[in-house]
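Labels run A, B, C and D following the written order; every chain starts at residue 1.
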Amino acid sequence: MLDIIINTIKNAGFVLVFPGILFVSIAGLLLAGIDRKVLARMQKRKGPPILQPVYDFFKLMGKETIIPHEANKTAFLGAPIVGFVSLVVIMLFLPIAGFEAPFGIEGDLVIILYLLTIPAVALIIGGSASGSPFAGIGISREMVAMMAYELPLVIVLLSVAKVAGGDSLAFSLNTIIDAQAGGELFITKWQLIPAVLAMLLVIPAEVGTQPFDVAEAETEICEGPLVEYSGAPLAMFKLNTAIKMFIMTALFSVLFLGGINLGIEGWYGIVLNVVVLFAACAVLTILCMTLIHAICARLKIEHMFKFYWTVVTALAAISLILVWIF
Amino acid sequence: MIIVNYVVAVLLLVLGLYAVCTQKNLIKVVLGLGIIDYGINLLIVSIGWNDGGTAPIFTISDLINGVSSNFFVDPVPQALTLTSIVIGACVDAMALALVIMIYRKYKTINSDEVRRIRG
Amino acid sequence: MFDFLTIDFVRHFPVIAVMGLFLCAFLVEIFGAKNKYIRNTIVLVAAFGAFALITSLVKPVLFDGEILAYWMGNWEPVSGYAIGIGYEIDALNMFFALLVVTTILLAAIYSIKYMARDHHLGHYYTLFLMLSGSVLGLVLTGDIFNMFVMIEIMTFASVALTAFRNNKFGSLEAAFKYLIIGSIGSSMTLAGIALLYAQCHTLNMAQISAVLGSGALSPTSICAFALMFAGFGVKSYIVPFHAPAADAYMTAPTSISMVFSGMVNKAGVYGMIRLVYVIFRAMDITPIQLFLVTFGTITMFIGVTMALAQHDFKRLLAFHSISQIGYVITAVSLCTALGLEAGLFHAMNHTLFKGLLFLTAGAVLYAAGTTDLDKLGGLAKKMPKTAVCFLIGAFSISGLPPFNGFASKWMIYQATFEKATTTGNFAYAFVTVVALVVSVMTLASFIKVTQAVFFGQLPANLRDVKEVPLLMRIPMWIMSALCILTGVFYNFVQQHILVPAANAAFGVTKYIDSMMGEGTAAASGISDYAVQGVEGIVSIWNPKLWLILFAIVLIAVFIVILTGDNTRGRVLEKSEEDSEDGKYATFFGGEKSAHSHVSGSDLFWGFKHDFKGYFKFIQGMHSGVVNDYALWVVVGAALIVVFMFATFMFI
Amino acid sequence: MFKKMIAKSMAKSPWIYHVNTGSCNGCDIELVAVLTPRYDAERFGFKLAGTPRHADIVVVSGPITSQSKERLIRTLEQVPEPKCVVSIGSCPRSCNVFKGSYSVEGPLEKYTHVDVSIAGCTPKPEAIIEGLYKAAEILAEKREAMNK
């Protein structure tokens, strides 16, 4: 009985505090803030405070929620929550910072791949349910973007799984981390260099930052799927985007940086790991999102699709073939 | 000679498939289908044939003696052929009925024009 | 309580089930042509009877591992030669029979309301029950010629049912194509059976396997193998043979489309598995595996890309049926324990979710009168229950967790990648990638349906659409529940249904011995496959995690409610009539609201643009001309024959 | 605690939706200039939103022409509460040189309550920032009032 209670409290802690809702929300919003700040500095602006996404989130929470006539109420309000839940669940599958994943099981790589699609699907369903033609165009683009980045992402994940598993099956993040335990990070393996590049290009598309934010082009189709959203649901979607930033960079660190484990025992070791992980995520964010955002204009959807199915897929495929041969 | 049967069966099969693949008239397509059936029926009957055999019928004297003095052909393929002929006739009848209906609705039995569902 | 269900008693059940369906088919026409109550009663009794009879076999066959051998009229084998027609029910048959009876029952319930507006329903139910009986007979029989006869009855009934609503667009044409292609397919099967008989002098599948198994195949049996392979390929609609199936699924009444995709093409898949695994016992030959995997992969890719290009709800679903069968064939042909289980699981899930999707399509057709994606929209407001069912089905087929499609697809990816790593063959890794990408495309095409039919704006002519009657919703709810249950408790499904079925396919000797007597298999030198079903593979979900997930959902909802402004200005939905209020109107850049709906053909522009060459080619290939389709079949069959000879003669 | 955070955030992240009701584009250009690196209104959290549903502050420039009147009213309705209306330039305030034209139906105050009015033809970017900042504070006050 006592065990059950302790376990419940422990699991509740996982879900609520670390690495669940609280941690991931704060980390995601901070990353989004860093992104905006650094972008501003790159453009020689002062930029908003780092906490700006937090302010945005709470402000939207305090606004009125309007549900248009044409909208389907349940799907309209339910979609952001579904997206949020699936993101939190992904977090519970990720073994980051030397921390064993609470949900970690064999084959979680495919689960994460699918769970990553759910926030996008939630956005699509929500936008579709709002009944706006702008949202219709937006979801069409979102879906095409999803098809675009999913192919290279799949190939990257398979390459990593092959390197980690050798001849056996390694659809498990724990195996991938164990394979990098001795300091032999996958980013240092020459066969995986193209995969690293491909993954760096997949991250901004998955998160949907400029130049790959075709689905939410605010100057063109009025924020696409989000056009009818206001108030709390919009806040949830913004939070989802921020969390996605953190999760994608953390996934990168798991795949190629061994999940950032400095190997120091004790609670301060964990804290140190988390801090280093966050720093790594921030660097990755700046590298693959802010930098590209600052130097590129928004693509057209067909250009984006072509880019991902040729250049990025080719990078990933080269890596998979190299991994297979050597 | 039994080999002739096999050759003819295969020829009929090929002829039928040729008709189905090339003839634009739906009636001819159905005819092609019939020809395929006949080819296969011939094949099955030929399989059951034993050189010098008789019909697979026991006479009363065979039964009394307890041994069959006659060497007879395999009866199973003949039964199969009968079934197959019946089925083939049904297919043809049904296909022709459909052709009539198609003619009433489309005013043509040219297969190039009976293609409202495509792509 | 069920003590009377001894093995010797239940042994008769399969035959009774098949006979009962055929009998009721004629009773419906005789007694029920005029009176709808008698008609419905007979149909429901037949469907439920078959369901009860088959499910009562679950315990002995699936759980206890018995194999029921039954000789019609007690014609036992004489001096080792099978004379009579035998029914042989092992776990593999049983698995497919379960799918069949479930589909029959649900389709029968659905038909009552769905078909109520049509005339000549006596004919409809006669054909329906004949179709049901023939498919059930096909999966249960152990006699190969009996199988052929069942295939032919199945083809007739399917064709007649496709043309049942012959005043509707294209149904006659679809029926004609279906008949021509289906007949060519069954002719091939018959030719194969004839050649096989010439070789083995028996029609019993177990005995054929025993006779063939001892040595290398002779050219006659290779030819027979290739022809039967092509014949069952036509029946399961793998790619070069698939074109008429899409037409028939589209134009048949929707309850029949569900039957087609739920059990008719499963019967083809069953025939394929029985053929390659048991009769010819050829599945551990690497080229055959690769050949089938190639077929499967091409099928799933072409099916899904064609589906993306469609603008009719039912035709889109039809192409998805083809695509999902590709998954099944791919997984089954890996000849690993995980692969076969994944394939069977996906076949089962396909029956569930595709049946569900067809039923929702039927509900849309029933309520709105059309399934054209360019003319519908916003129906979720009018038909919320149907919309929920549709979303469950759509997420299942797209493989989103926690629905059943995820579990089976996940097993398929794992099986293909495992095969790739254990054999070192890069082709299987490629298959994994294709399978994952096809899954995303599946999602895309269902997003298209979601947007075009259920969300978006309601056209003016659909203002008074009503939710479908309860009797039509019940099958949908049952299937939705099954979709979720098999997804969540998939470990249970795997242990008690998939593993026995897979073991039955791998355990050829047991199949032969229980039919032809102990020691037959050993005498003819047949051995089981080296692989056996794995009992418990790694789990996706931990049951306790479900509580946690539930907690997260609650907390998320809580956050939204708590942090928002509760005092006023929360959810402000005005009544429908008050549409003059600009605040709740759709945003049009300040313009007055007008009907503007992004429908099916408008979606996925960038994707279609980049692939326009491919789409032009593949849509041109589906020309609608019956000769072209026949040519595909001939070319496909010729390829198979050539390949089989190459494999067996030169390896 | 959430209430406190909301109250605090309300003034710190005002999103702007810009409606042009027949302006000569002078004010529009100045509004864009406000977001450029030189003036950088984003440091106060200002951001241009793509749709009125996301907006907190509606910025109106131009005298209200008869063509744009209905559209303006509809757009203002679609902004969720709490919201502020800011007029830029002299046109929405007084119709400026367009006053008396057959096609001008201004000023803006006839149709809605204007919270902040930034005068000038055109106002300087500094003035616009000042005005918007004041509007953000009014926004926070409105939110306070809603809670009571």
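What we mean here is this: a residue touches a chain if its C-beta (ideal position, glycine included) is under 8 Å from a C-beta of that chain, and two chains touch if they have at least 3 such contacts.
Computed from a predicted model, the values in this text were never measured in an experiment.
Asks: Which neighbours do subunit B and subunit C have in common?
Replies: Both-contact set = empty.
Asks: Which two chains have the greatest number of C-beta pairs in contact?
Replies: Ranked by C-beta contact count, first place goes to A-C.
Asks: In terms of Cα-based centroids, which chain occupies the most central position?
Replies: Located nearest the centre of all protein C-alpha atoms is chain C.
Asks: Quick one: point me to the chain whose Cα centre is farthest from that of subunit A.
Replies: Of all chains, B has its centre farthest from that of subunit A.
Asks: Need the CA-centroid distance for the pair subunit A / subunit D, whole Å please.
Replies: Roughly 35 Å separates the two chain centres.
Asks: Report the inter-chain centroid distance for subunit B and subunit D in whole angstrom, where each centroid is the mean of the CA atoms.
Replies: 84
Asks: Whole-Å distance, subunit A centre to subunit B centre, using C-alpha means?
Replies: 63
Asks: Can you list every residue of subunit D that touches 2 or more other chains, as numbers and ranges?
Replies: Within subunit D, the residues that touch at least two other chains are 2, 6, 51, 53, 78, 80-81.
Asks: Where does subunit A touch two or more other chains at once, residue-wise?
Replies: Residue numbers touching two or more other chains: 58, 61-66, 134, 222, 227-228, 231.
Asks: Building nodes from the protein chains and edges from chain pairs that touch, which of line, ring, star, complete or other describes the result?
Replies: other
Asks: Taking all chains into account, which pairs touch?
Replies: Those chain pairs which touch are A-C, A-D, B-C, C-D.
Asks: What does subunit D use to touch subunit C in their complex?
Replies: Checking each residue of subunit D against subunit C gives 2, 6, 19, 51-53, 68, 70-75, 77-78, 80-81, 146-147.
Asks: Inside the complex, what are the residues of subunit C that reach subunit B?
Replies: Those residues of subunit C that touch subunit B are 145, 149, 152, 156, 159-160, 163, 166, 169-170, 172-176, 179-180, 183-184, 187, 190-191, 193-195, 197-198, 201, 203, 247, 250-251, 309, 315, 619-620, 622-627, 630-631, 634.
Asks: What part of subunit C is in contact with subunit A in the complex they form?
Replies: Touching subunit A: residues 378, 380-381, 384, 387, 391, 395, 399-401, 406, 410, 413-414, 417-418, 421-422, 424, 426, 429, 432-433, 436-437, 440-441, 443-444, 447, 450-451, 454-458, 538-540, 542, 544-545, 548-549, 551-553, 555-557, 560, 563-565, 569-574, 576, 579, 583-589, 596-598, 602-607, 609-610 of subunit C.
Asks: Applying the document's contact rule, which stretches of subunit D touch subunit A when the two form their complex?
Replies: 2, 5-10, 12-14, 37, 40, 42-45, 48-51, 53-54, 56, 78, 80-82, 143
Asks: Touching subunit C in the complex: which residues of subunit A?
Replies: 11-12, 14-16, 20-21, 58, 61-70, 72-75, 77, 81, 84-85, 88-89, 92, 103, 105-107, 110-111, 113-115, 117-118, 121, 124-125, 128-137, 139-141, 143-144, 146-147, 150-151, 154-155, 158, 161-162, 165-169, 171, 222, 227-228, 231-233, 236, 300-302, 304-306, 309, 320-321, 324
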